[in-house]
Amino acid sequence: MPRSDGRANDALRACTITPHISLHAEGSCLVETGRTRVICTASVEDRVPPFMRNSGKGWVTAEYGMLPRATTTRVQRESTAGKVGGRTQEIQRLIGRSLRSVVEMPRLGERTIWIDCDVIQADGGTRTAAITGGFVAMVLAMRHMIENKQIKEIPVKDYLAATSVGVVAGVPMLDLAYDEDSNADVDMNVIRTGDGRFIEVQGTAEKEPFPRAVLDQLLDLGSKGIDELIAKQAAIVGDVLKVKVPTRA
Amino acid sequence: MPRSDGRANDALRACTITPHISLHAEGSCLVETGRTRVICTASVEDRVPPFMRNSGKGWVTAEYGMLPRATTTRVQRESTAGKVGGRTQEIQRLIGRSLRSVVEMPRLGERTIWIDCDVIQADGGTRTAAITGGFVAMVLAMRHMIENKQIKEIPVKDYLAATSVGVVAGVPMLDLAYDEDSNADVDMNVIRTGDGRFIEVQGTAEKEPFPRAVLDQLLDLGSKGIDELIAKQAAIVGDVLKVKVPTRA
Amino acid sequence: MPRSDGRANDALRACTITPHISLHAEGSCLVETGRTRVICTASVEDRVPPFMRNSGKGWVTAEYGMLPRATTTRVQRESTAGKVGGRTQEIQRLIGRSLRSVVEMPRLGERTIWIDCDVIQADGGTRTAAITGGFVAMVLAMRHMIENKQIKEIPVKDYLAATSVGVVAGVPMLDLAYDEDSNADVDMNVIRTGDGRFIEVQGTAEKEPFPRAVLDQLLDLGSKGIDELIAKQAAIVGDVLKVKVPTRA
Amino acid sequence: MPRSDGRANDALRACTITPHISLHAEGSCLVETGRTRVICTASVEDRVPPFMRNSGKGWVTAEYGMLPRATTTRVQRESTAGKVGGRTQEIQRLIGRSLRSVVEMPRLGERTIWIDCDVIQADGGTRTAAITGGFVAMVLAMRHMIENKQIKEIPVKDYLAATSVGVVAGVPMLDLAYDEDSNADVDMNVIRTGDGRFIEVQGTAEKEPFPRAVLDQLLDLGSKGIDELIAKQAAIVGDVLKVKVPTRA
Amino acid sequence: MPRSDGRANDALRACTITPHISLHAEGSCLVETGRTRVICTASVEDRVPPFMRNSGKGWVTAEYGMLPRATTTRVQRESTAGKVGGRTQEIQRLIGRSLRSVVEMPRLGERTIWIDCDVIQADGGTRTAAITGGFVAMVLAMRHMIENKQIKEIPVKDYLAATSVGVVAGVPMLDLAYDEDSNADVDMNVIRTGDGRFIEVQGTAEKEPFPRAVLDQLLDLGSKGIDELIAKQAAIVGDVLKVKVPTRA
Amino acid sequence: MPRSDGRANDALRACTITPHISLHAEGSCLVETGRTRVICTASVEDRVPPFMRNSGKGWVTAEYGMLPRATTTRVQRESTAGKVGGRTQEIQRLIGRSLRSVVEMPRLGERTIWIDCDVIQADGGTRTAAITGGFVAMVLAMRHMIENKQIKEIPVKDYLAATSVGVVAGVPMLDLAYDEDSNADVDMNVIRTGDGRFIEVQGTAEKEPFPRAVLDQLLDLGSKGIDELIAKQAAIVGDVLKVKVPTRA
């Protein structure tokens, strides 16, 4: 059974990362993964949250939103609902935690980088696209901080990208589109650094529990996709981020 | 004293309206007015709010949002704040009221058209751009309804567009950019139909009360700009909206 | 077609402003316009909002409320609803903005004057009555501040009053009562200083767009009414507010 | 030590109940107790809350509010705070519970009477004034229902009034004003029917626990005051409420 | 008519107070009254609320909660509802006020003791059990403060306990279980110190107003129960709280 | 480096599951894992959420709470904060999703089972204890439904339990206590059925990214612990849940 867009099971969707798409933000990019489109901006603020004050360390935090008609049917705005929903909070916690894991906070100084990931159009994989693009926006904001003489070097230890994998109709596949994701037996997000180590692995049996062997296959697929995504990140920020890029891609 | 972008005092900024920018929405466009960028989508729902039920009439309502980093400094999300701010509510009431004024509700049937106006980048004039673009998205959604055999004709009486005018450094000007708007003595929004009549006139003395003569000058400038904007709308929806376009433009 | 209370089309309803109706507030009055009754109090606080701190300037802000049974059918309290509605926020922003436009903030010192306008009974024109009465309460509070040796002079540049005008059954009229307002084709609020200049003009086509000539007629009617209202204000605060009163009234 | 206004320890403050002060409400009065002023309105709604549907019984519920400057220093609106405070909720539960205790709900039919008690000016005793006035507004609304042929008789079993008593500087006193209340050792609210039985007794040691003998004295004082208040109620609604009035007053 | 559990009308339900049931809290106990079970913890915080700062005095405050299935049918969490309900606020104000009445705040220093009363299982009398247990948790936390050298003596003037009494089927009874409470004509909470004086008396006619004689009977019953409860408290904290225990028990 | 309680690296803490601890709930248990204590109740409601109506299927949903002093320092109640925090929402979504994965919804009928997991005392591993105990409470509630003749068989496909694993000081360990968890390099939750397949795997690098080999070790440890936990579940519900129990335990 071929995929709806004819891709191979181990192929990413067409993915482009367009940097500098915001007039105002210190760092920004538009991530497009198939028909999913996410605007990522990074804003630098000269203070940290109360629990970090006087620590000498910086902080990175993320917020995630979706335009009401990014989806097939219109969804009520969370501002109108008066609260941020559980799914949104879970996603923004995941994005923030992932990006923080590769940043050396003492080298950032007592500053916060706010990563805003806003989904303009959704077709599956919005949270992993947000992480992949949020990383680029963050590094671009850091480059702006170097130009502003706020820091001297990019305080980032390694590349970081994310993708989704899953089992659809019994077959493990890379980078699920919405129609695949909504029919998946298993759905997994993989977040990994450039040196091949995991930051986060979240696998969920949507329909059927999955054995260890399937978990292994999914991790292989995810790693292949992440190598390719890091190559795209490196094409944009490789000049300032002096970290080795995985060679497989 | 020339304007920062060299325009004449009675000139609009470069304005483009790009239709069909959303995969999912029944009608959509991207409005760009200078550096201000607003995504407008129109979503059709097969029911009306409780106070309209069994009236046989339709409804048009609008929501307005802004990405946190659409502005020069990051603004907290209204979803995080837990409520929709006063400025936002005032704007979305204005957009909805304006669009409703040109729609013949009984011919729409008991359906709601939701107009979502999301500011991706702000540089002044976001609410008037939202009205101008919201009108286009709404008519495109109605065309989609005709194709779907939900309605037979576009139930719209006339074109509708909006622009801002103001007095800056003592000089009346058309279509203020943010740096002009934030220094204006008087700020006025004009919303007008194609046949030259007003839907809404909102003039505010930000610094100095203004005499009747200035009000007259501002209304003239606004009308000139609106004629030009309606010409742009007509280039997109003129094939389905059988209404005379003002000839001045 | 005569008006329901027999007035001429260019006549205000009977209007009385009763000062000092609050035991506790620094300034207060009860405004009665026909059957509309609004309690206005002005409270002086010895600090300003965070965004004004260390500016050396004062601030004036307004809040607007309505008793649940001020209206023909009972309306839910906004405290019970858990949020301040869009209409209320729009009105209190309008009142605050208008009053601030005639106050010289540096002469007020770093103090806030809170204007509370609470509608005890509603019969149309509550927001304009709130502005007319809020002005009186504010000046009375300033007189109290002079007695308290907080300031030396009333830091107010000019009188300020407001009224509504509109087109009902095709006829321009001054000071609409509720039954007129709810049937109006056009509804306009005019806010003007004593020297005849506008602070705010807000005209809305409720049913039918309106041509420029109608706008001109409505502005004339509004100005006539405002002159009469300022005469009533002057009878109360004219002893302390050394500003010329319009002579037409 | 005489009281600040010269009253005897067992004397009520001057109390007047002015009926029919609202244009719109089915029943209404203004209660003035000393300098405390409360507007009470009763609104009839032709349905009951969900938990009472299809019970054949009516419902009486109360809401209590205070204008921001009813008090010596301005208090934030509960609508602005976004929630109804604990004190307000406690008071409106007390008012509702008290009024319900004298109403025969099956004879009311499936209707709700909303009692709104809004404090225009506060000087102690607002909750008991609200109960005393709320009772009058409720009976007046029922009279309106008789005129409307919704019910045939006033479905009320007995008069109901309330007052506060307390121990100030060691001395039991009736009807505490704010300056007395804020210095009281013991504060008690007594709510009683015309036939001398209690609906609610709430005594609180604010500073010093109180022995049984003091409780007895306070109940005596409260009963004396309530008899006098019921006489004032009877002067207004005695023509329609065919219940014996306590003879002591 | 015997009681459902065979008790005499003047008998408490079996009541046990188990101290030190929390690993983390400075003071804690589990109160069981019949089938009602309440966990009480006391937490010491080294600061006071803003309105008490620089007063040199301490503060005691209480919060009350109920597990969703503590009751016969599941009740929605207040966190999910987004607000603390009126009943909960009324109860936590009552608990806090009662406990504060026996504490000498200057001897506590500028510290807050938070009393958390969480109902694990409800069968009537949860608020009075919370007061009785909250007192024990508070004194145990103070003992911990002595061990920590934060204070030298227990700053408590007297024992404090609470119980409910009521009239069921015409008969005055002590310590109502849920089935009794929900059928009671009169429901009263009595809160009293060890020396026999009242802190709070709250009697409510749920069905029928009650005469003075019944009030007297209920106060007698309540006092008997409170003496017995104080004896149970003294068995736990009598070694550190050097206050005379009522001898009747 | 031995563990603080002397356990082997592959040993669970002492774990007991006490069923039927709630008077009112259809199913309930207390789970104790070391010093972590969680009350789990299952409540049966005879309807499903709106999005499931008329589907013929049932629903299982979970809520998670924590007493304010379950933790080493007191945490503000979410009801007082006015909203359910991100961490809580993430946990309750995880619990609900996990339990739903083993239930055959059509056999449940249009009913909802609410699983409430309330942490009485926290010492690490509360979310996995909640899942392990929530499963037992759910099956007990289903047994109650069989007794009530609502269903004929337990509609559960397999056992389900959860535990945490992690890397502390470089060493993979099973079932982290709080002091271990707060110092972990990697933290992973494993949720698995009785037949050895995964429902959810969530691994997070708290400090250091982790290689594939460590992931494998952690999955082995988790599986060992889950087998032991399922044996404890089977001792309670094995009589009604006719599913094979893993033999390793």
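Per-chain residue numbering starts at 1, and chain names A, B, C, D, E and F are given in the order in which the chains are listed.
The criterion applied here is as follows: a contact is a pair of C-beta atoms (placed from the backbone, for glycine too) under 8 Å apart; a residue touches a chain by one contact, two chains touch by 3 or more.
On a predicted model such as this, the values are computed, not experimentally measured, just so you know.
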- Same or different residue numbers at the subunit C/subunit D copy interface, by half rule: same
- To the nearest 5 degrees, please report the angle of the rotation taking subunit A's Cα atoms onto subunit F. 180
- Report the inter-chain centroid distance for subunit B and subunit C in whole angstrom, where each centroid is the mean of the CA atoms. 29
- Message: Please tell me the distance, in whole Å, between the geometric centres of subunit A and subunit B computed from their C-alpha atoms.
- Response: 34
- Let me have the rounded angstrom distance from the C-alpha centre of subunit A over to the C-alpha centre of subunit C, please. 52
- Averaged-CA centre spacing for the pair subunit E and subunit B, given as whole angstrom: 60
- Query: Which residue numbers or ranges of subunit A touch two or more of the other chains?
  - Reply: 82-84
- Within their complex, state which residues of subunit D touch subunit C. 22-25, 28, 35, 39, 41, 43, 45, 63, 65, 67-74, 77-84, 88, 114, 116, 118, 120-121, 123
- Would you pull the subunit F residues touching subunit A in the complex into a rising list? 83-87, 89-90, 92-93, 97, 101, 158, 192-193, 195-205, 208-212, 215, 219
